[in-house]
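Heads up, the next two complexes both have subunit A, just with different partners, subunit B and then subunit C.
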Partner chain A sequence: MRLFEYALVSGVLYGLFYGFIGVGLNLLFGVMRLVNLAHGDLVVWGGYLAYSLTTSAHVNALWAIPLSIPLALVGGLILYLITVPRLRRSEDTETSSLILFFGVSQVLVALATMKYGTNQVTLPELGNPVMIFGQPYAASLVASAALAVPALALFYYYLYRTRLGLATRAVMANEEEAIASGVRVRRVATSAFVIGVAFAAAAGPLATYMLGGINPTTGGGLTITAFTIIIIGSLGNPLGTAAGGILYGLASSLTQAYAAPWTGLVPYALLLAVVLLRPSGLFGRRVRVA
Partner chain B sequence: MASGLAAASLSASQSAGASGNVITVGTLYANTGSFATSSMPEYAGLQFWVKQVNAAGGMYVAPLKKKEHVQLVSYNDQSDPATATTLYNQLLTQNKVNVFVADFGSVLTAPAVTIAKDQKHLLFDITGSGTSFFSSGPNPYVALTSLPVSAVWPKPVVGLLSSLKIKRVAILYCQNDFDQAQAAAIKGFLASEHLQPVYFQGVPTTQSDYSTIVQAIKGANPQAVLEFGYPNNDIAFLNQLKSTNTHFNFVLTPFPGQLPTLFSQDVGAKALAWEYTYAVPPIMRVNKVNLGLGLNAFLQKFAPGKESTVNFLNVAGYNAGLAVQAAFAHATSMSQLGIRAGLTAVSGKLQTLEGTFALNKAGAQVGELLPVAQMVPHGAGFQFKIVYPATAAQKAMVNGTPKYPAPRA
Partner chain C sequence: MPELESLEDVTTPPGTGASPARHAAARWFGRIAPLVVVGAVLGAGPSLYNNLAFLTTLAIYILLAQGVNIVYGFTGYLPFGFVGFFGAGIYGSSLAIVYWHVGGYAAIALGALTSVVAALILSPLLRLSGAYFALATLAASQALYFIVANESWTFGESGMSLPLLFSPTALYVISVVAVVVALIVVLYVRDSHFGLSLRAIRSDAVSAAMAGVNVVRTRTIAWLVSAALAGVAGALWALMTSAFYAETPFDLTISVYAIVFALFGGVRTAVGPVVGTVVLYSLYQYIGISNPQYFELIYGLLIVVLVLFLPGGLTSLVGGRGDRPAWWNRLVRRRAAPEVAP
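Here is the complex of A and B:
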């Protein structure tokens, strides 16, 4: 029973972090139908920023989160201007973006290898374990979950409480109708892209803790995880992203507890089940076809 | 795979002396991906051997009765077994190398083993010690050069557990040949003493989250915890223990002994205190050799002034080169079986900085057995103490007694 309790709490905490990872990708895919295969690599670069801060300035790794946001906004805007306008003119945006961002991913991996080498890097633990229901959880795990909650809330606020968010949802639902309604799609797309990149970079320091360290190729697995979460939870819905993350975290944690050899399989079996039974995701709305 | 091929690059070493009388040695390395940490130092060791041999005018090739220079032909497999499969084939069919040397570890060696058997081409397997490579009877085309076959590794660990009267053992392993073989071997050894592990689970080799697993192990109340993984697994597992202040009286992981600098940086000396690992060179120092450099000389020449940065994988890469050198020096012909006959001739007699090189009929290394070491706090860091030998001959190397139960750091 103690193990079950631990797995549940751990699954929820990890799940919130996974939700954080999924937010940025959700925006990019939901708004622009861009398959950003470099999403995980952007997260990893956020982690490397934290590593640089802790090794050179000896400050708490979490300072990298606020620092990464303006850097990512600028970097994201540059990346957007170089890539996205051309992509959106292509006949098949999704396929073209998949190829293009695969290239971006490889570049980010190569740059990380040149800068940081191939070895795994870790961050100093944030503090003593936190006791929850009498059991110890890593301080970094609790901090990650605690930071993921406001991040997800911010995402919710942006989508449902701002004019830009309203326009974003309009584009997500139907781009042509949004244009006809006077929505400035390019502005929405730019915002969604840079905000998505900023969310990815901000999740980086937390990912370094959650994954036991990062190396230049860690991003590939993270991208797959993020796609899994947003598909489980449904596109464009922050609650769905949180729920997808928590479900993924619980599946992973409970499998670790009771069927460790299946840890790599169960979350993806869950994905298959969701896709087959509810293709629009747990929180997705039915698609209007006419 | 396409990406791997696109990025695969022929190393500069091929262009040097691409024509003329040279012995070509093909190999792969991984400069990205999860095995880069281990592959690159191993590759550096092999490159060092080539440099040393060529500086000495080449290596003696018995069938030609003269010395020949060595040319290394190498490609980057990016830690991807599928890419490695294509590139190993390329080494044999396009580059037509005389012999080939596998990349690091069982995962990247597995495709080479299959190709070596199919194409009857001699493979020097440096660290791919998966039992399955050597379990299908006599095999003249694969030779394990630097580590004993995985199933043999844990033998001294069992001896140590037994000497400490430990009966409740938890075993966590990654699902690959290397780790599964060790886990199965320990389980078998325990069974022979009518004991069952209190925890015995495999996890994917990509596992990075050990939070709940550690609690599950804790719940089994073991006296000893053995975690068999690759470096990234070991690091994540040990950091999980650290971040939750989880203490076990006996913890063993394979890689801190091979990559002590990396583990010091990523896990920290405090968290490594009193942990056990396999003692490999340079922890284990062999200076009495009949081929190549002894360990002390190797350290000085490989990294002058930075001897402490040299790790086992550097040694392993160099040692593979020595095995190639010995094979050609005693080869009966230039055919693959003729070169392999050279290895058979030196088996049990060749003394290198890794100890006695000895192969069984299946090509498994049975000579270079590894003692067990414990990491003992020393100032702000730690030092390795060999606490249990793998052979009677290694008893002289023992320089510490196991501290059990491990004190809390």
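Here is the complex of A and C:
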């Protein structure tokens, strides 16, 4: 019972963090049908920023979050300008973007390997373990989950309470009608792209804690997990992404507790089950079957 | 070398080209020439670079790239988890050798059969589109990996070890034959009515169905054929490697290499994937093994440049003018295209 309780609580904690990772990806796919396979690698680079900060400046790793956001905005804008306008003209944007961002991912992995090597990199623990229902959880785990909540709230605010968010949702629903209604699609797309990249980078330090360390190849698995979550939670729905994250976190930590060798199978089995049984996701309306 | 696109040949208005007989001759030349050239180059391979392990792996990658060519090039479905069929071929043939003590040729056939069965089981994935399909195949291949790696009857923990059934030379000869057969298959898909149906489905499935194409059946056949190629590639790899763990057969980079090799040379052509594989895999051999991260960097940049500036691959530079990217046409102002009277 204590094992079950532990798995349940850590599942929710991990789930919130995975929701945080998922929202940025959801935004890019929802608005532009871009399959950002470099998403996980951007997260990893956020983690490496935190690592550099703790090793060279000896400050709290969480300072990397505010620092990573402006860097990600600039980097994201450059990446956007190089790739997206040309990509959007190609005959099959979705598949082309998948291949292109795989290339970007390879570049990010190669650069990370050159700078940080292939060894696992960890961040110093934040403090004493936190007691939840009488069982200890690492402080970094709780802090990461706690930071994911305001991040998700901020994302919700952007998408549902601002004019830009309204325009973004309009483009997600129907791009041509959005153009006809005077939405400046290019501006919406640019901001969605840089916001998505910023969310990825900001999740980096948390990922380093949550995964117990990062190495240059961590990103690939993270990307797949993030895709699983946004497909479970339906596209263009940040609350769905949060819920999908929690569902995934629970499934993953329960498997970890009771059938450890199969933990790696969880994201793939969930992804297959959802795309085959309910391709619109658990919280969506539209069905995307060919 | 004049690469003839049969569809254009058929639609060329009379009076603009040569006589029908010469036309048919040229078309057959366009089919035979790639076979002869590819067969001769690979046949002469060992005397150019005497490293049979490299050359056999090269042939295996050509088979995989041709598989990607058929399913992605002609149907537009990107099989990101294509390595799953490779792995299925590897384990199908290996387990047949271990449990049934079959011979080498039977093992290759059973490897292909295992992949086809796997593809049949996964054919519901063809209902999905775009990124959903790509990611679902990826998930399926990795699910297969976890099953193989965790079960004892697949030797997941102890690793597989096989007797050597072919000498390296014999295996290379078989691989070259397989590559030539794959080329014939792709030429058939390119020039046949079946290939025309595939292209029709790719550009507009609804219109194709209206025109009487059996969309589901045509698509599924292409899917099974490409899986069979990957299965043969897997069986050859198993026979070559003979001792391995489940990680390598299901390594996603194999999928990615096959996709990029095919794209780099040019999908929807017969020789494109062969050219792409020869160029890029040689590059990998040259720098990838000693400095993997530099290779990864070059590779990543190459993919980005390819998607943005050369979506038709290398062969599109020498193909019909319409296939060439606009910047290339501007760069190479060859003789102006003949004006067509309205």
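One rule holds for everything that comes next: the second predicted complex is superposed on the first by the 285 of 290 C-alpha atoms of A that agree within 3 Å, B and C clash if a C-alpha of one lies under 4 Å from a C-alpha of the other, contacts with A are read in each partner's own complex, and residues count from 1 in each chain.
Everything below uses one rule, namely that a residue touches a chain if its C-beta (ideal position, glycine included) is under 8 Å from a C-beta of that chain, and two chains touch if they have at least 3 such contacts.
As the structure is a prediction and not an experimental result, all values here were calculated from the model.
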{"item": "Room on subunit A for both subunit B and subunit C (clash or fit)", "value": "clash"}
{"item": "First (subunit B), second (subunit C), both or neither touched by A:14", "value": "first"}
{"item": "Partner chain in contact with A:227 - subunit B first, subunit C second, else both or neither", "value": "second"}
{"item": "Which superposed partner A:279 touches (first subunit B, second subunit C, both, neither)", "value": "second"}
{"item": "First, second, both or neither for A:198, with subunit B first and subunit C second", "value": "neither"}
{"item": "First, second, both or neither for A:246, with subunit B first and subunit C second", "value": "neither"}
{"item": "Subunit B versus subunit C as contact partner of A:261, first or second or both or neither", "value": "both"}
{"item": "Which superposed partner A:106 touches (first subunit B, second subunit C, both, neither)", "value": "both"}
{"item": "Subunit B versus subunit C as contact partner of A:269, first or second or both or neither", "value": "second"}
{"item": "Superposition clash, subunit B versus subunit C, among 5-13, 59-67, 167-175 or 239-247", "value": "5-13"}
{"item": "Shared contact residues on subunit A - subunit B and subunit C", "value": "102, 106, 109-110, 113, 261, 264"}
{"item": "Touch list for subunit B against partner subunit A, complex", "value": "3, 7, 31-34, 36-37, 40, 79, 172, 175, 201-204, 206-213, 215-216, 219, 231-232, 235-237, 239-240, 242-246, 262, 265-267"}
{"item": "Complex contact set, residues of subunit C against subunit A", "value": "76, 78, 80, 124-136, 138-140, 142-143, 146-147, 150, 205, 252, 256, 259-260, 263, 292-294, 296-297, 299-304, 306-308, 311"}
{"item": "In the complex, subunit A residues that touch subunit B", "value": "2-3, 6-7, 10-11, 14, 102, 106, 109-110, 113, 118-122, 125, 128-129, 135-141, 210-213, 215-217, 221, 252-254, 256-257, 260-261, 263-264"}
{"item": "Subunit A residues within the subunit C interface of the complex", "value": "29, 33, 35, 82-83, 86-87, 90-92, 94-96, 98-100, 102-111, 113-114, 220, 224, 227-228, 231, 261-262, 264-265, 267-269, 271-272, 275-276, 279, 288-290"}
